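Per-chain residue numbering starts at 1, and chain names A, B, C, D and E are given in the order in which the chains are listed.
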Amino acid sequence: ACSSKSSSSSENGTTASLKLSPTFNNKKATNASATKNSTLKLAEPNDSPFQGISDQVLSTNQEDADVFAPGGGGSLFNVDKNYKIIDGGLANQRINRKAKTVTITLQKDAKWSNGSKVTAKDIEYPYEVIANKNTTSQQYSADFNTIKGMAAYHTGKAKTISGITFPDGEKGRTAVIHLTKVTPAMKYSGNSFIWGTVEPYEYIKNVPIAKLASSKQVRKNPIFTGAYKLDKVVEGESTTWSPNKYYYGKTPQIKHISINVVSSNNIDKAIQSGKYDFTVPGSVLHGTDYKELKNVKNYKITGQPALSYDYFGFNVGHYDTKTQKNVMDKNSKMANKSLRQAMMYALNLDAVSKKFGNGITWRANTLIPPIFSKYYDSSAKGYPLNIKKADKLLTDAGYKKRNGSKWRSDPSGKKLTIYFGAMTGTSAQAAEYQDYLQQWHKVGLNVQFTGGKTMEMNSFYSTLQKPKQSSIDVYAAAWGVSSEPTPTQLYGEDATYNMGHFVSKKNTQLMNEMNSDKAWNDTYRTKAFKQWQKYMNEQAAVAPGSFSYNWVPVNTRVKGFDMGPANNSFWSNLSLTSSSLK
Amino acid sequence: MDTAANFLTIKDVSTAFKINGQFYDAISHVNLQVHHDEILAIVGESGCGKSTLATTIMGLHDAAETKITGEIDFEGTDLLQLDEDGYNQYRGDKIGMIFQDPLSALNPLKRIEDQISEVMDYHTDLSKDAKHARVLELLDQVGIVNPQRTARQFPHELSGGMRQRVIIAIAIACKPDLIIADEPTTALDVTIQAQILDVLRDIQKENHAGIILITHDLGVVAETADRVAVMYAGQIVELGSAEQVFNTPEHPYTRSLLRSMPQRENENDDLYVIKGNVPSLQKMPSQGDRFAPRIPWVPASAHEEHPSMHEVAPGHEVRCTCYKNFQFPDQQGGVTA
Amino acid sequence: MWKTILRRFLIMIPEVIILSILVFLLAKAMPGDPFTGSINPKADPAQIKHLMRINGLYDPWYQQYWNWVVHLFHGNLGNSYQYQEPVTRLIAGRAGNTLWLALFTMILTYAFALPMGVYAGRHEGKLPDTIIRVYTYVTYCIPFFVILVLGIWIFGYVFGWFPTTGSISSDASSWLSTIGSRFYHILLPGLLGALFGTVNIVQYLRSEVIDAKHSDYVRTARSKGVPNKDIYRHHIFRNSLLPIAAFAGYSITGLLNGSIFTETVFSYPGMGLLFVNSISYRDYTVITALVLIYGILNLIGTLLSDIILSIVDPRIRIQ
Amino acid sequence: MSLVEIKDLKVHYPIRSGFWNRVTDSVKAVDGITFNIEAGETYGLVGESGSGKSTTGKSVVGLEKVTSGSIMYDGKDITERANRRKLDYNRDVQMIFQDSLSSLNPRKRIEDIIAEPLRNFEHLSKEDEKLRVLQLLDIVGLDADALYKYPHQFSGGQRQRIGVARAVATNPKLIIADEPVSALDLSVQAQVLNFMKKIQRQFGISYLFISHDLGVVRHMCNNIAIMNRGRLIEIGTREDIYNHPLHIYTKRLLAAIPETNVNQRAAHRASRLAVEKIYDEQQSKYYDENSEAYPLVQVSPTHSVALPEEIAHQLANQEGEVQA
Amino acid sequence: MAENFEQHSDVSAADLARLTQEAQAEATPSTAKIIWSEFKADKPAMAALIIIVGFIVFVMIGALFINTPKMMETNIMAYFNQPFTSDFWLGADSGGRSVAKQLIVGSRNSIGIAIGLTAISSTFGICWGLISGYFNGYIDWGMQRIYDFMMMLPMTMMIIVLVTIIPHYNSVTLTLIFSIFYWEGTSRLIRSRTLAESEKDYVAASRTSGTNHWKIIFREIMPNISSLIIVDCTLSFAENIGVETGLSYLGFGLPSQTPSLGTMIANANDPNNITQYWWTWLPAALEIIILCLSISYVGQVLRRSADASQRQGSIN
């Protein structure tokens, strides 16, 4: 632990030391026989078998989304590189601010992989499934109540959702969604108001919604709208695909695709021994894997910043179950901003990222990940290592070492012990957490693990989600974010996920601005995001930890690989240059 | 005796066991002949080498752990020169053996019939049916009341007496010339013992076999044996017809044994007790009379240095000359040592 | 005998009931709940509370237990929270894999162990015997998973002889290739499991053979003139194999325990791996069902051992 | 008054079967026997294997749970545990076992083995205890250096004597000797039998001497009981049993004893076969319809036999005539 | 009553000292001495014994000089440091922590667990087996039912469930959890031997000598199965050293701040570590193998000397 001097961060924000491109421009000529007969072999690194729910409405986990990805996931819209919805996908979207409606119109030749037409009812049915009283879906959120009649349907008062209409009938191509308000977020894919996928109503209508998740139609023989159709599912293990001849878009070029779940312990060896073309983009590979894979022959590493970030949360209040709002406690141990800032300055996040992340992770400077290039505040400084500043902040705020103690006490002179909550994970993570403690000890703060050791994930979250708790003062965790980055659900006043309970008028106001009427103007919205980032950074109630790449090793026989969000035809753009793996 | 009937001749046989890397004689220089149509009994205390003699004849010793010298002439063949396969031609066929513990001597997992017909598998080429018939015949012969049923049973379903009969049936299945019975009745009740001995005798008569009957029960010997060999510490110390040995016992050991038996005559007296113990293999004196330490009142001069057998009557031999003037202390009139 | 078997089954009932209560309580005592794991901004906490409520997770434990028992009698073990499908179907899908692997491992174990044990016993004290014994000690000392990890690394990756994940390859389509692929996938885990599982059998068999060699009935057989090799074939082998046969049932326990490791290392979707996954997910219904099933399988294993023994050994009769 | 009075003693072992594994039948190991043991006498109990001799012996010493009947000692029924404890019963009644090796704990030194009953019943000081053990060793003819040795270091005869030393350590009134010499060689057997007689003379001990060797029993016992299938068949003095046996079972047992007189071999065998023949043919006469023994009938002050009254007397008279 | 004996024996109080002395001169060596001489005769066994004892002592003392929290501190610069350097004899692990020091403390912890577990489970199993084997009737019946029930429990699963429930679990609680399940093998072994042993006449002899049941069980029967107990304990000790490794592999082992051989071997769960960072797991694995082999070798000798004293029994 002698890294305190090696402050390596740049003055202006942070950037990844490593530059990865989301595309792999393979110039090789495509071998004809390769196209005809060969199989694209993909790996899905995951420790458990996938669950097998092909339906995005019902599934919450990444594995399922990944192994069913060639089917297109029923995705409605095409997006640009900022995840903004554009025309040209399965459907186009029009927002009418005056009428407060969103109109979704399907492509003319939009078909399911069994040949039947995609209909307007298919656009509406996901809402029914999500909001049904007996659903197993976890997707329903308060935001859906902005759709007219949705709340009534959700509570079972209404049989149908009155706010979704079909101008040319259920079998037609258009659905209109009537809302109580429209927000700028709706322009982006992944927002929490407009659902982005279709359900094959005709195909599944006979299955009770409660049983949908376990039905054959969802698990064994699901149909899709994407470039490939499902041939076979081996439960929990693999899926195989072949071109979907009813696909409305670009004709797929590969004869077969297979996706296998590979235990994350084994993934490096599997790639090194040339068993797979690439890992499904979206699946998670770690920094330790990168070290193993970066120099593997015949593979090229591609990547883009991930839709996620690590952060530090401070417990500064509680959740009032009566008003269903978060409340700050002035007297809480972590209420002092200087203390929080000092703790962040004490951390050597740059060094840690470098050592453990191998370039795949780097210190985060703000709470919006850089994939949102428009909103990401690259100028934010975040909290680089600065022990001196930390010491000064503490001393100035009255956290002094008294009576010759090794540790600082709080301004009132009371002993100060801060409890750090962290989840049990890999040995590298354990080492990181240990390192954080050491860093805090360096500035004289007596920080201990809650319960003396890292916590098992379930205990960790059930502790944090208690309305009021005092066993965790500061914690390290991560968020995966949606492609629409509005942070209200995480940090809003009434957000249950606001587990540090930081609330302020300013914060509420800044977040409201992001989706206010003015925010239909992109520059305004961008400004709002940046202001919020600045505020949050300054408050340090939730402080950025690290960003990382979502990266994929791609075999050099693959052509047309581009994992960027703007590549809406990812699967049909892929082709192979030789019939066997290299 | 008729030498033609002399089908087994044991000449100067010694068997030594390896104990802690050294060989010690368990039986030494045994000479013995067995005739057809006779029961030769071998008696002696526990550990004097009776079983060893039997297993030596049967060739059941592990070559690495034992050293056997001498000659066992069986109908003109020296058994000790045979290899394992050669021996197997004799075992079970020409020589049958009966063991002491009838329970453990039978394979617990095989039916009685299989265990009996197994002998015939190797020594006859009878058909299956013929073997079955022979099994029933044998069981009947050894006095089992319901052969059909017993043939199908397992050893544990039979009583001790019945098991011993089965073992006898195995031993006689191929009508051997020689049957060695090692304490066949020790584990049994007197009444059963009498029956088993009857069976043995009948079989011997029928097959004209020669039987070596090993026992330490002098009563059994007196009832069944034609000739008797008394063993002590690995040596035969007295050999003669039953009448000779019981009516005119000569060797002090034989006389002591007979005297220590509870009998009508000594009903109310103390029994005679032989002093000391049988020496263990490692402590066996290398010369002199091995019984001498147990009759300390007999002067050393009465014993031979290398005791040999002396014929005292036709067919009656005694080892060592000490028998000539041996008397029990209480009969001696004050010459106690 | 069937009466005894039936009686044994009846005796099992209270044991299974006690186990079910125990497991149920223990499962509930684990911190967290099935939905804590799915914390992400896409899932609304209110909706999750709603799901908790309709799944009865806020009811008192006895109520939950009672509901569970009632469902049980309808052949319904509840729904997996993680997999969102009926536990019965979920486990049925996995049980086959586990049982195949276990059966195969058992066959291999015996195929290795019997010759080794007999050989070691027959040539007691000689060099091969010493080698076999050192081998058993070494495998006895090495934790099972180390064998597995080394095995998968060497044979799966370095040499690439065996598949390293899953139970079947994704391109097996015909009936024959399906069977073939399944078999190919259990080959390496089965071999490694057998390598580990032989220890007890080898040691036990060895001493049985040595005992049998010196037994009286073998002496009887020799005195019948039975040649040495036949003595081994008809007497020693048979008699010393019997107690081993009874091991078969007990070894189920060991195999099931081992399945947890094998399946984790080989990402082999069986009940063991399902259990490990369900633990971190707090998938109560699955955990409870699996522990119960394993418990019942253990019981059946014991019963099987007793039955086998009574069939092969005429001395033991269940009346 | 007799030392021990055994009355209608029954020991049954349950046989379980059926679906619920309930007791459906029982092995009647001992099925209603009555006899008395007098002080200072040796009482012989003879019978075939499995006839219930050991079970009787164990019941008397308190090792076996008695099904019914009583064993009176000192006016108390010692089939009850509490009474045994109150009386320190085993201080007065001890046992010698058949297998000398297994009856001595192989992990204990001789001193501790012999001292065991002393420690439980007499609570002597360390010195006194050691002295007593040494005296006992001396009495049974063993050297003091046996003290710290283990049982396996002794010969069968010596071990049996150690067993006797333990049995007499508390100066008991009765010793149950269950086949004490049947595992021993002739010479050693003689040694042990002599010795048992000697200490009987010295300490006035009574023996219940169990054996199936009629030669040994004749040598040791004044009174003899013949047992068959859990019941007593005949009771009498040595004279009565050996010279005037009444029951065919007794006769058969006696006939089966091998005779050491070689010269009368043939005659002896003939008479044995004759008895055997009668036994086979006349079973029904000597046993009741369930082939169980009849109740005992007294034919003389010392002699009883299990036969129907008239037959018993008839046979007794015949015997008398033959005698005369 | 004493006079009674005086009368018939020449031995008197005066001879006591002399005779005792004589007896002592002839006394048979104790089992411990027999075992010791067996070790002296068998050089490899002696080596094994020295390895075990020496190692345990070294580890116990060595661990005292190591400040565990300090040792477990992350040292980013030493991330996977190569072995055989002056700072890190055996290299460093992913947290830059010295493998050598961890090995010492980890061995201490693992051996501690093994000792604790062996002590608890063996003691319990032995008592259980003895009592259940000695008494028949309801006691045995009841104990057998409990035993059957325990046998039914799927051990690994139950341990995992318990480990997740216990809030602050550490090596002590882990030992206790394991103890719940590890007595069964011992108890079965002991019970079957006790059953056989109870049949023997010396037990009957003790009962007729007025010795009470508990004394018979623990003073008479137990010494007779002591060789079995010793051998069983040594073998379970060997087995118990590696007992938590499997759990650590599955991720339910000791907390990472408590190093153990298990947590170290669990480094092998990552195939990368197997080859590249072999020093993170190999020393621990080798240590387990060497220790276990030594222990089983010692167990062999113990068994042999136990057999030897039994063999003496048959030579009169």
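Quick note on the criterion: a residue touches a chain if its C-beta (ideal position, glycine included) is under 8 Å from a C-beta of that chain, and two chains touch if they have at least 3 such contacts.
Not measured: the values here are computed from a predicted model.
Figure out the least number of contact steps between chain A and chain D, where 1 means they touch directly.
The fewest steps needed to get from chain A to chain D is 2.
Averaging the CA atoms per chain, pick out the one whose centre lands closest to the mean of every protein CA shown.
If we average C-alpha coordinates per chain, C lands closest to the whole-structure average.
Go ahead and note the Å separation of the Cα centroids belonging to chain A and chain E.
So the centre of chain A lies 51 Å away from the centre of chain E.
Distance between chain B and chain D based on Cα centroids, please, to the nearest Å.
Computed from C-alpha means, the inter-chain centre distance equals 31 Å.
At what distance in angstrom does the C-alpha mean of chain D lie from that of chain C?
Going by mean C-alpha positions, chain C sits 55 Å from chain D.
Between chain C and chain E, what's the gap in Å when you average each chain's C-alpha atoms?
Between these chains, centre-to-centre, one finds 27 Å.
Considering chain E alone, which of its residues make contact with at least two other chains?
Expected reply: 164, 167, 269, 271, 315-316.
Please output the residue numbers of chain D that touch at least 2 other chains, ranges allowed.
155-156
What residues in chain A touch two or more of the other chains?
Only 265-266, 269, 456, 459 qualify.
Residue numbers of chain E touching chain A in their complex, please.
72-77, 79, 93-97, 164, 167-168, 251, 255-257, 267, 269-272
Using the touch definition from the top, list the residues of chain A that touch chain C in their complex.
Residues 39, 47-49, 51-53, 58, 60-61, 134, 136-142, 213-214, 219, 232, 234-240, 256, 258-263, 265-266, 269-270, 272-273, 456-459, 461-462, 465, 479-482, 489-490, 496-497 of chain A touch chain C in their complex.
Given the complex with chain A, which residues does chain C contribute to the contact?
Spelled out, the residues of chain C in touch with chain A are 30-33, 35-48, 50-51, 54, 79, 82-86, 89, 93, 152-153, 156-157, 160, 164-171, 173, 264-265, 267, 269, 273-274, 276-277, 280, 282.
Can you list the chain D residues touching chain B in their complex?
Residue list for chain D touching chain B: 48-49, 155-156, 185-187, 189-191, 193-194, 197-198, 212-216, 218-219, 252-253, 255-263, 265, 268-269, 272.
Which bits of chain D are touching chain E when the two form their complex?
That would be residues 58, 61-63, 88, 90-91, 93-95, 97-99, 101-109, 111, 116-117, 120-121, 127-128, 130-132, 134-139, 143-156, 163, 166, 171, 202-203 of chain D.
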